[in-house]
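Data block below; observations after.
So that you can tell them apart, the chains are marked A, B, C, D and E in the order they are listed, and the count of residues begins at 1 in each.
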Amino acid sequence: GGVEVRDGGDGATKDAAGPLKLAVVPKAVGADYWNTVKAGAECAAQRAGNVTVQWDGVTTETDVEGQVNLIQNFVTKKVDGIVYAATDSRALAPATDQALGADIPVAMIDSGTSPQPSGVPLFATDNRASAVEAAKLLATELGPGNHDVALVEFQPGSQTNTERVDGFKSGLAQFPNLKLVGQQPSRSDVNEARRVTENILTANPNLAGIFAANEPSVLGAAQAIQAAGKSGKVVIIGWDAAPDEVAGLRNGQISALVVQNPFKMGYFGVDKMVKHLRDKAPLASADTGVTFVTKENIDSAEIKAVLEPSCANPPVQ
Amino acid sequence: MADVDERPSAEEPPVLEARGIVKRFGHVEALRGADFTVHRGEVVALIGDNGAGKSTLIKTLSGVHPPDEGEIRVGGRPVQFSTPVDARRAGVETVYQDLAVADDLSVAANLYLGREILRSGPLGRLGLLDKRAMRQGAAAALDELGVRIPRVTTPIAMLSGGQRQCVAVARAIIWATNVVILDEPTAALGVVQTGRVLDVVRRARDAGMSVVLVSHNMPQVLEIADRVEVLRLGRRAARLRADEVTTDDLVAAMTGSTGTEREDR
Amino acid sequence: MADVDERPSAEEPPVLEARGIVKRFGHVEALRGADFTVHRGEVVALIGDNGAGKSTLIKTLSGVHPPDEGEIRVGGRPVQFSTPVDARRAGVETVYQDLAVADDLSVAANLYLGREILRSGPLGRLGLLDKRAMRQGAAAALDELGVRIPRVTTPIAMLSGGQRQCVAVARAIIWATNVVILDEPTAALGVVQTGRVLDVVRRARDAGMSVVLVSHNMPQVLEIADRVEVLRLGRRAARLRADEVTTDDLVAAMTGSTGTEREDR
Amino acid sequence: MSTVETTAGTQRGELSDWFRERISHAVSEFTAATALVVLFIALSFASPYFLTADNLFNIGAQTAVIAIIAAAQTMVIITKGIDLSVGSVAALAGVVGAMVVRDLGFPLWAATAVALGVGALAGLLNGLLITAARIPPFIATLGTMSVGRGLVFIITGAVGVYGLPRSFQLLGNGEILGIPFAVVITALVAVGVAFLLSQTRFGQYTYAMGSNLEAARRSGIRVGRHLTGVYVLAGVLVGLGGMIAASRVNSGQPNYGISLELDVIAAAVIGGASLFGGQGRIVGTIIGAFLIALVRNGAVLLDISIHYQQVIVGLIIWAAVYFDQYRRRRLESRG
Amino acid sequence: MSTVETTAGTQRGELSDWFRERISHAVSEFTAATALVVLFIALSFASPYFLTADNLFNIGAQTAVIAIIAAAQTMVIITKGIDLSVGSVAALAGVVGAMVVRDLGFPLWAATAVALGVGALAGLLNGLLITAARIPPFIATLGTMSVGRGLVFIITGAVGVYGLPRSFQLLGNGEILGIPFAVVITALVAVGVAFLLSQTRFGQYTYAMGSNLEAARRSGIRVGRHLTGVYVLAGVLVGLGGMIAASRVNSGQPNYGISLELDVIAAAVIGGASLFGGQGRIVGTIIGAFLIALVRNGAVLLDISIHYQQVIVGLIIWAAVYFDQYRRRRLESRG
């Protein structure tokens, strides 16, 4: 919904073309997803002109305190604006307050804080709702009859993980014919995802479907199923759209992918922030949307733009 | 050469006595029913070949290695030395052949280890150390032994082999109240220091303490000991009066070319 | 008491010689210009008080502690012993006071450490050990020294103090080709073993090797040594012929109550 | 002080000796401190934002938890031990502390006491595993690390503990006379532990056990009890650290402290502690902790990416310890 | 064999002695092996799927990387060292191996050689830091861990290396006579390293350096060179492990191997290696690695949640080492 602009203390509008320095902080560095966010942010910066993006993040999404420190350090550095994805909604709320207190506007991407201060926009997808949708996709793909399904989560105790797991499980609750027989974490490590999936397959020879909740989990699960010779026999619903995931989708290993629009998150974060700083444009939240990619729709132009974002043709409408 | 009868003071029970001690390490039986006796105010030398079991016997007497079988008696009453603390409580102080000093601690700290001087008053009750008192006490004690150490605040790691041994000996002698056991205390000492240690041993005896001395130096044994007990193959092979034997007798007893233990009691 | 002139063989340069060695540890100057000479085929005793610097001098002679100042010569030529390997190459073998054995390795492995017997043929070139040969060699060598050890496959950690020392001595003696340095080799040994070690020293000398012996046992020194060098406060205090002095002379030289070094050359 | 005469060692005067000893004690701290000062000056020039009260207090507050837990780790390292469980135990303490506030309405002081209690229990467990069950410290605490993390997940159901009152933030974000409360606590802990180690019998035994456990035992020290005591005390400090960490993020985080053990061990070793026991001082450890924190802070101020930061942290760890070793050796061999 | 006579120790016959020695050597392995067998039998009953060729081969392939890297770690631990950098180095080797295939079109064998080379270089770096710069192993390899991970991120831009040909999967997913290739490689590595350690001079020096470095030095062993050699060889094995790991997921993963060091150290210690050097054997380590793997496999088969899994792994680590220590002590004190 539209949120009003926070009335900045200094109220001074930046010189229309003056140099701006923005901090853009992902939950963690080191995944394809966040690199796409980065690409979006840099694209917006480049288009706006005279904007530098300082991209920095902690190494694991569980390092909540590390991210708090990082935001603090950016506040100290007096960047012109901070665009970030909170590793933990409540834990980061004070950090956002601190930034606002120092007259540094904040925009959240991917994951907001709780409470979300007025004047701080959120450019994100609803993880939970999308995960409910993933369960529906799985049910549709499997069809009627009783099926055993499994869940490969990534990092128990991290907020995104909790949202996706909760969403998937509540979605699953609507389908009494689907039985969740295994739930193991990949710790965002492809090898680990492959290992737990192999073991789940061994324990459940009748397994019919898997929901894997992030990029490494999907890749590992697909590897395991392929190695077990069950490609196509076990339905995989995945999340994110790393190149190998898309390839898996094309060759039938993966049935559907829940794809957010990380490029748009990064792009909106920076773009709106720059407009706010230069033109006093109000910062308003926006849902960046989620796409369910299947073999059928994968070649549509709209999906292509999401899957292969580029600054020449940004998926930011 | 002559086996000894019990000393005149035999009616008084021995200060420290070991009976039928058996101690095994894996498949090695280091002690195979060893006996040992020390009376009040005597210097007993414990001698034997390398590997005879002397150090092991001493470690059972000071609670480091609880024996597998056998009995230890203090003043006639059976005791269980299951830790070194027990032996120290009974007034038994030991200098080990492998020294057992804490390399990173200073000379003074080692001398007072386990018996630190605390500040007087409430601070002391909180465990606050009186470092100055310990430094002075240590310096005085070493002086008395004629030990030459750079400074009492030097970490033990920086001392020469003999200096380390001096510290270990000084420590046992300061604290002994009843029996002091010295496992080859002069092995690394210079002539002067050796003389001083022997002096101290005599003085301890004269003060009514009992001293057990392990040594491979037969002239030294004959010079200082009142009585000699010989260990061979983990058993007592002989008990001798020092003033009635020669070096050759001792060697014979150790190597087994003569000397069967007289079974007393 | 009498200072010595150079031996008759003086025209031949000394086998091993140290000149003006200075060695500091932090603020302690352990050696303050020490000199030392060994000629071919002689047994030299190096004596001195505890902390006089004997072990430190020996460690500079065997490459463990490169000296801060001064020069070491082998057969008259200056050499740099910057590691023990260098000293061993020059045929100098040493038994250290702190033994330096590897506790987890067996007796046999320790005896051959750094000089393992390899299998013959191509396997040997790959570094394959001939364990059997080493076991047999070790057993034979220890036998010759009269050392009694449970088995040559026992880890060193399980030996008594004297047994460990026996192993260290055996090891130096097996490998020495030129000079063998023994830092208090008999300190922990029994009477019999001590006798054997002294025998071995004599045999080594008779075979043309030179022996340096550190000892605090003056009768032993006088019995075995041809010549005695006295170290005091990190400097050579005297050089004496063993057959011309008494124990008291030696003690006097060590404690500094007499004896100035004659400056030769 | 000593009236005993040196033999070979030349005495160069008592005063200079005393001075040298202090120096030799302080070499490690000097090296680390030098590195700290150099870095400090460099950062002051490199970034206009560095030398501001806000930034310095931030660094202080950010380092507080690491410094406190590193002090605990130092005690353990001095005994020749190691505590790998610090991260899990800090998380457990923080989570439990947060839960008793949220679910049972405990006041902050009582919750803090509970968190310290959790730490103490974990320390007791470590201590008993090591002394009674004779499991080596590395393994004992590795097990506690795993079990502790499992417990955190089990009691929280793998969901952070939220919904805490603002007062919960006092420890981590509060101020006292303008100084962050966390910094004040850290200073108190550092002084307390340093005093304990250097001036009391407990400290003496700690060094003695690490230097030669068998000698300590034969000296009549009840090593089982004392060693356990060290782990319990360390656990209490870890509990405190966990509570401050939770307070800083106003929630109990089940994933807090993963690989924290490496940071705190690095701080201790940079500050001169030896993993082979018997050596280490709190001053050094605190300096080590701040050195690492400063690198991280500086990297952000100077716009160095996390990837290069990792390289730089590695280089600094090497450099600090290298110079420390180098100077120690020089001091030993040259005087 | 020895003709030398015992003094106090009663000889109970050469044969029984020889037997006892083997036993004493093998106690740790026995304990760990017993645990392994018990667990194996229990799992066979608990899950109908456990005792299937597929599952056993899966376990084998899953454990291959850990077992190989644990063998490397064992060598290092025997020298009284520790290698914390294994995870980063494995990731670096895997990523570089994958990149040369993708970007330069290297064949698999050449890529593997490059990965081993990366491992060797990292090992050389560790070795030189330890021997030439005299940085303690813990710190040297902690630095390498940090620098290595940073490099992985820098060269990959923090993105996995994908788009590899199918042939890249040979090492991790291939089979030979129906046996996973990874299992065969592991077996070869285990036998090779075990042989090296027990039968060659290199192995003898490895134990000697860990037992008493100064004694080794004085014995004329070029300790700097040999120690470096151990780290290089360990690095090569880590590189191999990293390549197999990459091959298993058909991609180079920048995040691979975080906290891998704890797993492999645990495997080595469960198998009887001592962190204080001089002790450890490959058989034990391999058993330790499989023990951990079996726990993890069994937990999934029995659908035990990750939370309880962590608790169970902790308990098993404690139990394995406790019984090992207990039996060793019994063997020592009772014969």
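The rule is short, and it goes like this: a residue touches a chain if its C-beta (ideal position, glycine included) is under 8 Å from a C-beta of that chain, and two chains touch if they have at least 3 such contacts.
Protein names from UniProt, one per chain: B, C = Sugar ABC transporter ATP-binding protein; D, E = ABC transporter permease.
On a predicted model such as this, the values are computed, not experimentally measured, just so you know.
Fewest steps needed to get from chain C to chain E (ABC transporter permease), stepping only to touching chains, is 1. Listed by label, the chains touching chain A and chain D (ABC transporter permease) alike are E.
Highest C-beta contact pair count among chain pairs: D-E. Averaging C-alpha coordinates per chain and comparing to chain D (ABC transporter permease), the farthest chain turns out to be C. Remark: chain A and chain C have CA centroids separated by 73 Å (rounded to whole angstrom). Here the spacing of chain C and chain D (ABC transporter permease), counted between their Cα centres, is 47 Å. Chain B and chain C have Cα centroids lying 30 Å from one another.
Looking at chain E (ABC transporter permease), one finds that residues 6-7, 9, 17, 149, 153, 158, 258, 306-307 touch two or more other chains. Shared interface positions of chain A, defined as residues touching 2 or more other chains, are 29, 59-60, 156.
Among the residues of chain B, those in touch with two or more other chains are 25-26, 28, 49-52, 147-150.
On chain A, the positions that touch chain D (ABC transporter permease) within their shared complex are 29, 54-60, 62-65, 68-70, 72-74, 76-78, 88, 90-94, 114, 155-159, 162.
For chain E (ABC transporter permease) in complex with chain D (ABC transporter permease), the touching residues are 84, 129, 133-136, 138-140, 142-151, 153-154, 158, 258-259, 262, 265-266, 269-270, 274-275, 306-315, 317-318, 321-322, 325-326, 329. The residues of chain B lying in touch with chain D (ABC transporter permease) in their complex are 62, 64, 83-85, 88, 94, 96, 99-105, 109, 113-116, 118, 126-129, 131-132, 135-136, 138-140, 142-143, 147-153.
Across the interface of their complex, chain E (ABC transporter permease) is touched by residues 29-32, 34-35, 59-60, 156, 181-185, 188-191, 194-196, 198-200, 202-203, 205, 216, 219-220, 223, 227-228, 242-244, 247 of chain A.
Interface of chain B with chain C (complex): residues 25-26, 28, 48-52, 55, 97-98, 147-150, 158-163, 166, 184, 187-194, 216-219, 250-251, 254-255.
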